[in-house]
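In what follows, a single structure is set out as structure tokens and then discussed.
Every chain is named by a letter (A, B and C) in the order it is written, and numbering of its residues begins at 1.
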Amino acid sequence: MSKNKEKKVREKINWKKEAKLAPGYIVIILWVLFTLMLLGWIIAASLSTTGDIFAGKALKFPSGLHFENYIEAWGSGGVATFFMNSLMYSIVSCILLILICAPAAYVLARFTFLGNKIIQTGFVSAMGVPITMIVLPLFCIVANMGILNSIVASKVTLMFLYIGINIPYTTIFLLTFFANLSRTYEEAAAIDGCPPTKTFWKIMFPMAQSGIVTVTIFNFINIWNEYFLSLIFANSDALRPVAVGLYGMLQSMQYTGNWSGMFAAVVIVFLPTFILYIFLSEKIIGGVTGGIKG
Amino acid sequence: MKKRVLSVLLCVTMIAAMVVGCGKKSDGDGGDKGGKKLVYWAMWSEGEPQAKVIKSAIEKYTKDTGVEVDVQFKGRNGQREGLQPALDAKQQIDLFDEDVNRVNGSWGKYLLDLEDLAKDFEAEHGNETLYKIARNAYAQNNDGDETLHSIPYQPSIFGFFYNKTLFDKAGIEAVPTTWEELDAACAKLKDAGVTPITGDTTYMTSFMGYHLGRYLGQDGVKALVGDPAVADKVESGDIEKVSWDDEKVVQAAKDIEDFAAKGYFSKNIASNIYPAGQNQEFAPGEAAIILCGSWLPNEIKVGENAEGDDKIEVADDLTWGYFNYPSVKDGKDDSTANNIANQVLAINKDSKMTEEAFELITYITAGDADKQMTTDALCIPADQANSDAWPTELTEVKPGFDATTTYYDWAVGAENNGDLTPVLNENVVKLMAGSITADDFIKSCKEASGQ
Amino acid sequence: MKKNKGMIVGFLAPAVIIFLIVFLYPIVRTVMMSLYKIEAVTDTMDLWTFVGVQNYQKLFTTAIFKTAMMNIVKIWLIGGIIVMVVSLFFGVILTSGIRGKKFFRAIIYLPNIVSAVALATMWLQYVYSPKFGLLKSVLNALGLHKLAQTQWTAPENVFWALLLAYCFGMIGYHMLIWMSGIERISPDLYEAATIDGANKPQQFRYMTLPLLKGVFKTNITMWTVSTAAFFVWSQLFSSVTANRATIVPVQYMYMQIFGAGNAVTERNAGYGAAIGIILCLCVVLVFTVCNKFIKDDDLEF
């Protein structure tokens, strides 16, 4: 329905309405310009030379454009594998996270039962525990179980852990979205004889879509950029996600003072997330809205 | 619907279980083959020149011996965070490398005694200084046991680099060896319109550490900052207690204050976050002197080369010079005491392929690979057979390196008390920027160390 | 209600079981570790030395830890106010029916997906540079030559420089959360209010704000969690070791667990664990207080 509205606006510009929004436009446009300038600088730096960056000439390109920075950054072997790994880890984990956490969040938000508050507090305190204290002991257990010598088992373990460490976050995030939904929907469904489980998946789940989409975007980006867990657990090139693969690159560029190369590596890391972000937010919003209607 | 969800979950679990099952089988196959594979965790990141040299050394090794090597370039942080958990979990890691003190100190209990394995190699290739440091590093952390547990490579020294062209321009004839001479040189540089000294805040605790070290010696510095590792010795009187009120400490702070007042330090010294000082002030020839490690020419060279032909950043006439930290009046140590550090390779004592691992070490730390390090990464050669292979940028470092007879820790121990370092660093930087006085400096440090 | 029981268990079980597998052992272990002196995180228990609450006692008497705690509280409070206000403001503007909403939203969120390493380098080497920084040029252009001379990354100013850079990156994230809350409010409500003669600010004050209470709670929780884990930015803004002006607890913990900077310093994972526990308690405290004061179930829509 929002689509239709936008179309209407596009057809006919209501100048009166637009004028009212003018202050908003100005603020947002200024902020966006500032952001674009900063990010533009990063892209310019990635096409520039280290010397130019430190002489403050990154935006002037006195020595032309240096696409070789990208070739160099890409050149480290196995980037394609890293990408496929990251893609698989992120997609599988994100889907499972929603399937696991949305029902849990719903139950925690809707029903009062013994242990509800304890579970919530448990989740929140888990988010406060530094990742180092969780990942390193887990590594010792997992490694002693001998799982890490097999590629496939390691991949499953990694995904399991990505899901595990994001459960508290996702659940707590979705809690409010279910808490704020009106009970009238469930009551109506109950009168129609719809069992509560079905009511959840058919009615409540789609109604929390704005929260679900938002948290999926966050999860996706979190997992895509996750560094420490992958660093400790992915001890072979076949397992490594982009973050570890390219952050290594990034660090080496720093150590060797190749800053323009570092920025090229940064752009390579962030472009796919950005494209996927746009793709994800549009597709999922579209898909879920369509689902309700159908 | 609930059933559907459950069945989905069940399916996922089943698939996962199957995959794990399959994985285990294939793991068995892989395991058998993997028996002849050396696993080497390297402190470098892929793409660093050192990593490239090591890769080619490994290629040669595999060609010669037929032993495959699985090298994992972990980077400094990866090594520091991940190595010990992996060793504890008994992952197969046959050899690894890192800083000499960290390997022998933090990871000392995992190391294989190399005394016998390395005997012939040391006699033929070993650089006396470096082996002494390696043995000493193990001894320091293991009750004075001086057996060799690591093989050094890639040495570095910490001191003053300078721009010879600027020195000539200012009419400075001899390299300063004492604080007074440095003072005079800086005055000349300033008159010539050159910023005498710059640096990055990262290294500024080392500046003060060195200066204090010249007055007090390393043990004195450690006692002063309250290094927990020497706390017992200070308690028992083996090391003399030093307080921040000590007249030599005050004198050291006054020396720096004096330099700041005379305008010898770059006006950006307080805001030069690495690598701003070295890249924006020293390389383009704005400042003449910088305190840094001997890796500096390489860092600047790579930055310069990465950009192709147009190098605006590094002054065309930059000629590299070096001198050890000068001595001070009535000081305990002179300029023969320096912070020489190096990387070391060590073998896991649980390794089942110790001889193969050692052979790989010889391929990396000596001969052609060592030589290649000097050309590709501008390193100081570790193999005594390569002792004429010093990179031209480091020519002046050689006499300083060879003259060194006392070996300091990083920052002469001034950073050994992690609780004090942040305060110390901030106050040193402020002192150099002239925003606090020597008395303020002493007061803040005293407060922070609870004296 | 009986029907519900099965549902509650069925819905909760997967999340809780996985949670327990992944978190329970490490958390219990961390709590125990905080009572021991331990050299490395992965040391087995026979290498631990029991010290009781000494780790905690030592923490509360260590000046640098107090500084770190003060810094993180300042980041949480001041940064939190800035981020919440600005991001809500942007969220409201973007949902007020302006054109190019998706584009603006994407750009404002963009800094969040750029690696912190790159962002921090950009701020340090470009915006704050004392030689050719953006800030310097802008201030000079505005005629504020004296202000333009400021050394933004010198010890006196670096904390604020860090806070500003961090907040800039976080605004997009919290804006998305606000927006997801605002978008869920039915447009019919606003239409009805407009018909009743309420203007935009009134609608915002009396409708949007109260309806956003729940989302506000989410925002605070997320901000608190991300602040408690605040680490990378501080590290990038300091010298190799931590700086007094920007040190934060996780950074201090990192120094205790993996050693600090170039020097080989004493390591004590038990001490580090105690820091972790204190941080975790702070997060729980904020969450509990939020739950007490912001009841979201009194409002439904």
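Basically, a contact is a pair of C-beta atoms (placed from the backbone, for glycine too) under 8 Å apart; a residue touches a chain by one contact, two chains touch by 3 or more.
Which chain is which protein? Per UniProt: A = Carbohydrate ABC transporter permease; B = Extracellular solute-binding protein; C = Sugar ABC transporter permease.
Here the structure is a predicted model, which is why all the values come from computation and not from measurement.
Geometrically, the chain at the heart of the complex, using CA-atom means, is C.
Most remote from chain C, judged by the distance between CA-atom centroids, is B. Highest C-beta contact pair count among chain pairs: A-C.
Chain A and chain B have centres, each the mean of its CA atoms, that are 37 Å apart. In terms of their C-alpha centroids, the spacing between chain A and chain C amounts to 16 Å. Each chain gets a centre from the mean of its Cα atoms; for chain B and chain C, those two points are 33 Å apart.
Touching two or more other chains at once are residues 54-55, 103, 132, 136, 139-140, 160, 195, 197, 200, 259 of chain A.
Those residues of chain B in touch with two or more other chains are numbered 2, 5, 9, 81, 85, 88-89, 276, 280. Residues of chain C in contact with two or more other chains: 7, 10, 14, 41-42, 125, 129, 131.
Those residues of chain C that touch chain A in the complex are listed here as 3-4, 7-8, 10-12, 14-16, 18-19, 21-23, 25-27, 29-30, 33, 41-42, 89-90, 93-94, 96-99, 102, 104, 106-115, 117-118, 121-122, 125-127, 129, 131-132, 134, 173, 176-177, 179-181, 183-184, 200, 211, 214-215, 217-218, 221-222, 225, 228-229, 250, 253-254, 257, 272-273, 275-276, 279-284, 287-288, 296-297, 299-301. Residues 1-2, 5, 8-9, 12, 16, 19-20, 22-24, 26-27, 30-31, 34, 44-49, 51, 70, 72-78, 81-82, 85-86, 88-91, 275-276, 279-280, 283-284, 298-300, 302-304, 306-314 of chain B are the ones touching chain A in the complex.
Residues 48-52, 54-55, 57, 62-63, 66, 68-69, 72, 75-77, 96, 99, 103, 132, 136, 139-140, 143-144, 147-154, 156, 160, 195, 197-198, 200-202, 228, 231-232, 235-236, 248-249, 251-253, 255-261 of chain A touch chain B in their complex. Interface residues of chain B facing chain C in the complex, by the touch rule stated above, are 2, 5-6, 9, 80-81, 84-85, 88-89, 99, 101-102, 105-106, 200-205, 228-229, 268, 270-271, 273-274, 276, 280, 409-411, 413, 415-423, 425-426, 429-430, 433, 435, 447-448, 450.
Chain A meets chain C in the complex at residues 9, 17-18, 20-21, 24-25, 27-28, 31-32, 35-39, 41-42, 45, 53-56, 58, 100-101, 103-104, 106-108, 111, 113, 119, 121-141, 160-161, 163-165, 167-169, 171-173, 175-177, 179-183, 195-197, 200, 210-211, 213-214, 217-218, 221, 225, 247, 250, 254, 259, 262-263, 266, 269-270, 273-274, 277-278, 281-282.
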